[in-house]
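Common to both upcoming complexes is subunit A, partnered first by subunit B, then by subunit C.
Showing the complex of A and B:
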C-alpha cells in the first residue's frame, strides 16, 4: 500500500493551511471574511476556498456565514505540521515536520530521509503505522488517530560509543512530557521504559548509522500510547501496557502532547550539545525509582541480584553485588525486588 | 558430540557427493559445507566453541577462541582466513546476526556483500546500530555468535575486499 501523505512543513515560512488556522485561532471563534484572508495571505479567494475545503476534509468544522465569511467551530485532534508548529519555538528538533496519515514505520521513513541527507531535527509523524517497529523485529501496535508515532533525525558530533546516551535523553523527554501534559507521575525503568503504575506507556527504539569513529545520524523512534483504549491493546503483550487516557481517566490532546514533547526534546538536545550528558543523566536518575533499591537483572538464562546504585557515563546500570563489588550491567531486564 | 565424532562425520560427508550437511540437536548444531572456495565447518556448543576447517577436508582441526572462552580442541595451525580485513564493533553492546530472532541472518560465510549492505546489528542500551559494508567484500569468517556481548574494537567479521 502506498503511503498516504498529509503535510510537510519547511524551514522557510509557513504553509497556507497553517496561516489560515492562525487567523481563525486569532479570532477565537469569530468570523474571518474571505476578503481578510486573501488580503493577509496575499492569495485569491478561490485559493482560500480550496484550502478551507482541504481543512474540512481533515476534520475541521468550518462553516460559511453568508455575506460575512468563515467561522472555525471545532478543530480535530490531528497531527499535522500546521497545528504542531503553531506556537512551537525550537532550535533544531521540529523545525521541519513531515506528517503521514499512514506509513509502514516512521523510523524507516526517517532513516531513509537521513540517508538522503535530510537536515538535523527533522521529525516524521504518522497517524497510523502499518508495521510499527519494536526491538528485534517485534511489532509496536499502532492504531490510527489515538497515539503518537514519531521519529526524529539527529546528527550529533559524538563518537558511536556515546550514542547510547541519546536513549536516556529521549526517555527523559518522554517522561517529562507525560508528567507535564497529563499530570501523571511516570517512572523510568532502566534503560528506556516509561511506566505509569508499573505499566508501559511508551516504546522507544533508536537506530544509528555510524562509521568507526563517526556517527552519521541517529533516529530516535518514539511511540506513546496517548488515547488508546483497553480493547485496542493486543492480547499477546510481553509487558503490561497502558495509555495516558486510561491512567488520567480522560482523553489527552495529542497535539498538546506532541508539541510539548518536541519542545522538551529540543531543549534537552540543545543542553546535551552544550553541556554534555551530565544533565540528562541527573534528570534520568531523578525520574527513575530503582536507585538504592534491591533489583534483579535477568538475562536469557541467568540473573544477578544487587542494589542499583546509578548509571555510568555510557548508561550502564551500576549494580552493587552482595560481596560489595559494583558490576556494570549493559543488557538485561530489571525487576525491583 | 566430541572432536572424534565430528572428524568421522566430516569424513563420512566428504566421501559422498553431499555439498551441505546440517544436524541440529537440542544443544548443538553442526553444519558442514563443501565447495571450491574455502568453507568452514562450525561446531557450536553452549560453551561457545568453534572449530574451523579450511575446505571440507579434515586435514586439521583448528581451534578458535570465541570471546573469553578458549576452545578445548587441540592446538593446530592458525586459521588461514585470518588474512583479510577485520570488521570491528564501533560500540560495546550485543551482537545480532539477524534483524529478528526468527529471521535469516544478514550474511553468511562465503557470501558477497555489496557496499552499504548490512552485516549485523550491535545493540547498546536499546540503540540499534546496523553495521554496513563500507566496500564490496566477501565474508571469510563470522567471529561472534548471535546475541553475544561484544567489546569496542572487537572483530565481528573477517572479510576479503573485492
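Showing the complex of A and C:
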C-alpha cells in the first residue's frame, strides 16, 4: 500500500484506481478488456496496466484472462478513497477523503489541514495510528488493518459553547452505524462512549479551534474497534473493551461500516444545520442507557452521585441529587451504580 | 532592527543586550568603561563593542567618551525583550518574550508556538502586523511603531465553556493598565472592548484549541492603540476609535505600558487560578458602563433589546427584557440606547 493517497469524490475528481474498480464492479465478476478500459477511461493501455498492477499491490486479486482482458476475483477489506467513495452520495462529509497507511494521529492531520483551510467535510483515515489520541490526553490503541480511525473536519456556524453538541452528534452517528451495519445493540454512555454489552467499542475525541464568539473549525475524531481480536487489546485497559467482530461472532466489513458511518454523519450534520440540536439530543437519549439510573461521575479527585435525568443544550449531564436539586455535570467518567 | 529576537527573563536567560542596558541604567546616565563591561559580563571587549553597535542600530543613542568608556544618552521607545523584561517580576506571563519587527499576526505566531508546546506565559509582540486579526474575521489596523500588538499563551486547567472567562480577564487587565499608565478613565463594553470617551482604544481576540472536556491552550490577543495619530486610522472604521496619546494629549511610553500590562495580566491570572472567576467578574462589572442601561445587541441579522443586568459564569450578557424575563446573550455587538 502506498503511504498516502488522496481522492475527491464526484465525477471530476475520481482517480483512475476508482474508475477501474467501478468498471470491474459494473461487470459483477466478468472480464473487462484492456481496449474497453482504454476507451472508457480515455487513457493508454500502458496506464491501465500500471494501475491494475498497483491495485494488485494493494491486495486486489486481479487475473489476466488470455486474449480477453482482466477479471477482478476478490477485493481486500482496505480503506482507500476509491472504495469508500464508491456509491457514497453525501452533501458534505466524505466529499474529500484522504487515507494513510500509517500516521501519528488522524486528528492531528485533520487539525493541521483545517488550519490550512481544507474544505468542510474532509475525512482523514489511517490504517494504523502510531500515537492514537484518546480523551483527556489518554492513548487510543490503534493496531493496523483491523479497525477504523478517522477524523472529520467541520466548519459549523456555532458558538464554542455549542461545540459539545457535535460530540453528541458523532456519538449518535457511531451508535446508529453500529446498529445498522453489524445488527448489534449499542448503548451510549455519557458523554461519548459507545458500548456493547457494557464494553467499549468506540471512542470519540472532538477537538476545536475557536475564538470567543466563533468556532473556526471542529475535528470529529472517531475510533471504532471493528475486527480487533481479544489478544490485540492491551492488558491495562481502564474500561473493558470489545470489537464489533467479537460481539457479532464474525468479521465485519470495514469498508461497508466506514461508508455507512460517513453517510450517517453526513445526514445527521445536514439535519443539525437545518433543524438544530433537538433531534440529535432526542436520539442520544433514546440510545443512552443511563437515564433514570443512579450513577457516579468522577472528575479528577472529586465525584458526584445522583440519578441521570438528561442532557442540556451544551452537553452537560443533568444529575438529580438526593436532595432533589438538579446539578449540571460538565465533565467526568460515569459509573452506573 | 533585527527581524526577530527572543529572550527569556531570569538571570540564566538574560542576553547580552539586556545586561549591557542594565549596566547603563544602573549608572543613571554615567559612563561605563569597556573594561567594566568586559569584567562584569565576562565577555571580550570586542563582543561589548559589537553589542553596543547593535543597540545603536536599534535607536539607542550611545556615545563613546574618550579614554573613559560609553554613556547611554537616550533610549528609543521600542518593544524589545531586553527592555520589557527589565524590572519585570512575574510568575508566568512574560517569563518568555518573543518580539518581531513585523509579522502577519501575533495570534497566529502564538497559536503555532502553543501547538509546538511552548511554555505557558510566553508572550509574542510585534512592532507591526501585516494582517492583524480582529473579532469575527475582521481586520485590526496595525501600523508600525506606535501601538502594542501582543499575544499570550495560557494553558489553564479549565473546560472550553469557561474559556470566555479569560476574555473578561484580559479585558479587565487592559482597562486596569490603561487607567494606571495613562491616568485615563476607560470603560469596558461587553464583551471585550475597552473605550475612552465612547471610543475604542483596545481590542481583544482570544483563540483556543480544545477538546470537548479540556482546553489545550488559549491565546489572548491584545491590541492597544497607544500613540496612534488621528490620520493613521482608516476612514471606514465600524466604531469610532482613539488612542491613549490622543486622549491623554501626549505620547505614552509603549515600553512602560507593555510592562504594566504584562504585570497586571500575570497578577490577574495568578488570582484566577487560585481563587477562580468571581474577582474578575466583580472588577469587570465595576469597570463596565452598560450595567443598568438599556442596550441593543445585534448578532448577524437579528437583534435584541433590554436592560443589561450583568454577566454569567460563561461570559453571557444578562439582558432583562421588557416582560421581565432575563435572557442570556452569547455573542453580538452592543449599542447603548
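Convention: the second predicted complex is superposed on the first by the 323 of 337 C-alpha atoms of A that agree within 3 Å, B and C clash if a C-alpha of one lies under 4 Å from a C-alpha of the other, contacts with A are read in each partner's own complex, and residues count from 1 in each chain.
The working rule: contacts are C-beta pairs under 8 Å (C-beta built on N, C-alpha and C of every residue); 3 or more make two chains touch, one makes a residue touch a chain.
What you see is a predicted model; the values in this text were computed from it and never measured.
In this overlay on subunit A, subunit B clashes with subunit C. In the superposition on chain A, A:320 makes contact with neither subunit B nor subunit C. Residue contacts after overlaying the shared chain place A:211 against subunit B and subunit C alike.
In the superposed model, A:135 lies in contact with both subunit B and subunit C. By the touch criterion stated above, A:38 is placed in contact with neither subunit B nor subunit C.
With the contact threshold set out at the top, residues 135-137, 160-161, 163-164, 167, 191-192, 205-213, 314-315, 330-331 of subunit A are in contact with subunit B in one structure and with subunit C in the other.
Considering their complex, residues 135-138, 160-161, 163-164, 166-168, 191-192, 204-213, 218, 300, 314-316, 330-331 of subunit A touch subunit B.
The touching residues of subunit C, counted against subunit A in their complex, run 135-137, 159-161, 163-164, 167, 191-192, 205-214, 216, 314-315, 330-332. Residues 88, 90-94, 96, 99-103, 123-130, 132, 134, 147, 149, 152 of subunit B are the ones touching subunit A in the complex.
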